[in-house]
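These notes open a run of structures that come right after.
Look for chain A in each of the two complexes below; its partner is chain B in the first and chain C in the second.
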Partner chain A sequence: MPVGSTLVHPADIQPGGSRKAGPMPDALETSLTAAPVNGVGGSVESRPTAPHEAAESPVFRHSRIHRLADRWAHLAFLACSLLVVGLIGGILFFLASRGLAAFWPVAGNTGRALHLSEVFLSADWAPSSDRFGILPFIAGSLGVTGLALLIAAPAGILTGVFIAKMAPAWMRNLMRQVMDLLVGIPSVVYGIFGLTVVLPLVSRTWLADAPASGFAVSALILAVMIVPTIVSLSTDAFESLPSSLDEGAQALGSSRWQAIWHVLIPAARPRLLTAAVLGLGRAIGEAMAVQMVIGNNPQWIALMRESTDRAPFLRALFTPAATLTTELVQELPNTAAGSTWNNVLFAMGLLLYLLTMVLILATRRLGRGKEA
Partner chain B sequence: MQIRFLAQTILAGLLVAGAAQAQTVTVMGSTALGPIVKKAAEDYMKAHPGVQIAVSGGGSMTGLNQVTSGGCHIGISDVFATPDQEKAGVKNHNIVVQPFTLIAHPGVGVKNLTAQQAEQIFTGKIGNWQEVGGKNQKIVRVIRPESSGTRAVQKKTILHDQDFSKDVLIQDSTGAVVTAVATTPGTVSFVELEHLEKNKTRVAGIAYNGVACSNDAVKAGKYPVFSFGHAYTNPTKLGDPKVKQAVESFLAYILSHEFQQNVLKAGYLPVDYVKSLKTKL
Partner chain C sequence: MGVAPVFRRSRSSKLVDRLMRGVLWAIAILFVVVLIIFVGAILKQGWPVLNLGFFTKMPETLDAGGGIKPQIFNSIYLVILSLGLSLPVGLGAGVYMAEYAGKGRALNFLRLCIETLAATPSIVLALFGMIVFVQAMGWSFSIRSGALTLALLNIPVITRVTEVSLLAVPRELKEASYGLGATKLQTILKVALPYAATGILTGLVLTAGRAFGESAILVFTAGTNASAQFPDFRLTVPGETLSVHLWYVTSDGTLPDAREIAAGTAAVMILVLLSLNLLVRLVDRAIRRRTR
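Right, the complex of A and B next:
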């Protein structure tokens, strides 16, 4: 997972010793730096002189063995990276071929081909009655992730400011470690917690025993899941700012709050946005935790339309709804391959893949904005 | 010493080669039916040393898909084959009977629903427990996803093929359904009888038309809500006559009186309990 790897701080690793341990990292580093030299590009000139010198100097013979090892290492690295690229491309190809089959008559299809409009512009999902509108799932995914970010981003960024600029050293270390631990908790644990603790609690406390499944609790659970990601990344963002910014602002007479609000946050903005988008990426792809608490009702838009409630927005928060991921998790294993229903589910998977891609590209674009 | 070792190795090698030549029957599909079919496979292999039966999971639809395409010899499933799969030559064998029951949160104050009440609760015409003699509380319908076999049974037997209400909570598995019903006041749902028996302290069973679900009630023909566990074969894909013979003989063993006594322990009923009943399922 890319999120996890970005959260390990070099500063945390070095005292632990894993960086210094043994000759392995050194060997890797030399092979990495030496590889391009010994590769196709630079080898033409150096090769003819090599045997001659090797006879004279034992040091060079040693390095020749190294070079051979380097060449192999180079190939191994190349093979691994090609494998990863190939896998990602293969998954995209597979999703696209099965998903697009929903809209074109393809060999292997057992059902009819659909129009784009009856899938993407319809809110009526009843596959066994031949109706395939996926709008409820798109709206559900965007709604629940948007709400989660609305809760998690301010909380995470303010915690980041606190850890980086205000907390005493012992607390800073503690908080960092706790956040890194929290990132690793499996989502199904959050789901169980939501299902068995949060839902009954909310239902009893605020809803007079009516079921609490819906956007509100799902977004809350998702927010708790992504806050550690956002905290870790925004702490990094604030720590990487030169202290002169903070000191300068205070020297000019600004209060602490003013320095944070007018100087630090704007200066760290690109990296804070990156943090938020990464959190969003984790939230939009989450299936298990959401599935357990959201209520999974694909007809939620129709239900909302029929309701005569005076506060439709508030009601929507506690109406069982569904998202792209929850619907995929529930239906995909039980639909026949090649059926229209199955194809539409693959199209939803493709959509989810593309959404995540867009988010990752956005993250990189924002990250680049930091240097510029 | 070494010669003996050599002889042993050769003997072991021959045994392995012999085993590889045995007939292998592959079974895939429903995880719910898996344990009982596995038990049948073990007993059958003991009696027929020349036959290997490999049972794996994957889900009802996987079993059906695989048996249709020839990926396995027997597909076990809780659901019916689609018309396309039937056209492809898939053949159904009912192997067990699965009784279903209505359940509710213990606090709703209702012990029995008539067929009409049950139908109207799930289609949405009845929305409060008061309308069926319970306390004044909104009815929360917990059902399974659209592709689930349980939901298909419920739609056919309880709703008589009408659409479910739009105001529903959907849970992915029977376990999640039971948890939701146990923790949410006002809930009503529909599960296999064995899940009610395992969770008697957490959820309340509801009688249907005055008859509480039980094995005996189904056997006596008084309780109409049940379905079959299916084993599908695709005779057109069973090329090897030896494999075909093994598959047929294994299915015959599952349906034999001798083995059917075992299914009671696994929460199912023997097929011959309902042989005499006329049923739509």
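Right, the complex of A and C next:
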């Protein structure tokens, strides 16, 4: 029986002998249409059939042991994945076990249990006087992150569209390398750069009294740190847009910038928002670089309100402050496990973790909006 | 019907176009300049400190003139240990996601978990490591606490890079393997993974770079002290790395030459990073030449 006659390639068909080219098209057509019908397309039979040797001596050995290994490997790979899932739950469990201990009288606590409102709704942070309002740190985190995003999101998105839709090839390569390097620089090196280069530089200007610690420099450093994330995600977003969008806009007479502003950026918006949210996540979780330049002053709200020597916006930008992460780095090593102070610090860590989860779920939402 | 262009091409729109092209170029060039200034400043500050003694001496605690020998060792040791711990898990999870999980809810959920772990701030991982390894297991600040917690940072990156590299393996290759009678495991081990190996390797080098620079995790799990012995392979001793040392001497302030030590350490870290980057690029180029 002819094997796989329906799959025969036209080139394989040799209409018998040394006939002239004349009848060839006919022969081709009949053999192709006839073959599937009766299964014995005359000219097809002469084609050598597929080699049977492969099935008889397999390249891969297929013993019982191999089949057993195959089954166990599936389980092993599954176990690795489940470990990752378990880690997500494990981190939540352990952080909650210590963080929530601040609010309930748990065995092992050496201090009193706090009320939720005196932690999350109070700006009064004086742990040695038993007052644990973490509002300054929440506000600090939001402030410095918001400011960083304000710089990094527009710059990153514009760089993304530049790389994807405008830059010549050499510039595209250069930008990729620059972003690769920026993302790889360790946060402590960003911190030391801020501390030894940016702070002295700003202190010498009219902007700030020395040292220029505070939101401005921290946000600037953070912005450079998160820009590679936003650039690479938004470059992907623009590159994945169908080229017909761009071409259509240009056919309708748009300039380069009009196409970018009126067509490409709106079309890529869900993914650009995702890029910004992931940049936000990176910024809010960054600890060491910010800790080295922000000045670490839990009482920053009071200081900002009281000092009257400078314009309000300069005070807001250059008052030494603190964030959730910097306060953890600053104080966690000095507190005893089980003390209320220690528990509240872990509650701040728990808050950061929950925030991460919310942000990731938000990117999911944004991603789903794109398909709809 | 007259020609009414959707986009107005007035003189002002041309001007805006030219202006915005300039702005985009300026922003891009600004980042190049920022990087050059950054690397230049760090290297310039650190260069005078980089002599043989800096690399071969033990650190001082109160006097000037200390070196960073044990910190270099600890950095390399911790990177290798954490990669060794996270590689099997990351590879396994990546293989599962690419080859077994199918396309349904399970894969979606796994992706969500990987993304969450990848986005988790390192300070949060540090708290987890502190609770579990440092306190609950009673390992205190040690190499093993540090390596295990650092592995948590690597796992999502390795998983992702494995998954992506495996998904890039042509389907025909896998089908040919099945056609030759291979089991799924044989196909993965002997066909798919070797094909994906270069991609995974590149990802591994980048992961190593990230682990090398990580500090928040290690401050709370491996500690801010280095062993007085050298080389000290014990897993139970504290293991201060270069990045932690850089942070610690800067914020602690007891060393008279803290500034110089920090500058030198930063320069060393930048040099390591640049060479890792170069390595990735060379590997990448070699691969491209081979496959072309």
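Throughout what follows, the second predicted complex is superposed on the first by the 298 of 372 C-alpha atoms of A that agree within 3 Å, B and C clash if a C-alpha of one lies under 4 Å from a C-alpha of the other, contacts with A are read in each partner's own complex, and residues count from 1 in each chain.
As a working rule, a contact is a pair of C-beta atoms (placed from the backbone, for glycine too) under 8 Å apart; a residue touches a chain by one contact, two chains touch by 3 or more.
All of these numbers come straight from a predicted model, not from anything done at the bench.
Colleague: Consider chain A as the common anchor and indicate whether chain B and chain C clash or fit when overlaid.
Modeller: Once both complexes are aligned on chain A, chain B and chain C clash.
Colleague: Which partner does A:Ser129 reach: the first (chain B), the second (chain C), both, or neither?
Modeller: After superposition on chain A, A:Ser129 lies in contact with chain B alone.
Colleague: So, does A:Met292 touch the first partner chain B, the second partner chain C, both, or neither?
Modeller: Both partners.
Colleague: Give one of first, second, both or neither to describe whether A:Phe103 is in contact with chain B, with chain C, with both, or with none.
Modeller: Neither partner.
Colleague: Answer with first, second, both or neither: which of chain B and chain C does A:Phe120 touch in the superposed model?
Modeller: neither
Colleague: Specify the partner with more touching residues on chain A, choosing between chain B and chain C.
Modeller: Counted on chain A, the partner with more touching residues turns out to be C.
Colleague: Looking at the overlay, does A:Ala337 come into contact with chain B only (first), chain C only (second), both, or neither?
Modeller: Touch status of A:Ala337: both partners.
Colleague: Is A:Leu199 touching the first partner chain B, the second partner chain C, both, or neither of them?
Modeller: First partner only, chain B.
Colleague: Going by the contact rule set out at the top, does A:Pro320 touch chain B (first), chain C (second), both, or neither?
Modeller: Only chain B; A:Pro320 stays clear of chain C.
Colleague: Need the overlap of the two footprints on chain A, from chain B and from chain C, as residue ranges.
Modeller: Common to the two interfaces on chain A: residues 195-196, 291-292, 329, 333, 337.
Colleague: Show which residues of chain A lie in contact with chain B when the two form their complex.
Modeller: Counting only chain A, the residues touching chain B are 110, 126-129, 195-196, 199-200, 203, 209-211, 213, 291-292, 295-299, 302-303, 306, 320, 322, 329-331, 333-337, 339, 341.
Colleague: Can you tell me which positions in chain B touch chain A when the two form their complex?
Modeller: Answer in residue numbers: 58-62, 64-65, 79, 82, 84-85, 137-138, 140, 145-149, 163, 166-172, 176, 179-180, 183-187.
Colleague: Considering the complex alone, what residue numbers of chain A touch chain C?
Modeller: 54-55, 58-60, 62, 66-67, 69-70, 73-74, 76-81, 83-85, 87-88, 90-91, 94-95, 97-98, 155, 158-159, 161-163, 166-167, 171, 174-175, 177-182, 184-189, 191-193, 195-197, 224, 227, 249, 252-258, 260-262, 278, 281-282, 284-288, 291-292, 325, 328-329, 332-333, 337, 346, 349, 352-353, 356-357, 359-360, 363-364
Colleague: Enumerate the contact residues on chain C facing chain A in the complex.
Modeller: 5-7, 9, 13-14, 16-17, 20-21, 23-25, 27-28, 31-32, 34-35, 38-39, 41-42, 45, 88-93, 95-97, 99-101, 109-110, 112-117, 119-125, 127-128, 130-132, 135, 152, 155-156, 159, 177, 179-186, 188, 190, 206, 209-210, 212-216, 219-220, 243-244, 246-247, 250-251, 259, 262-263, 266, 269-270, 273-274, 276-277, 281
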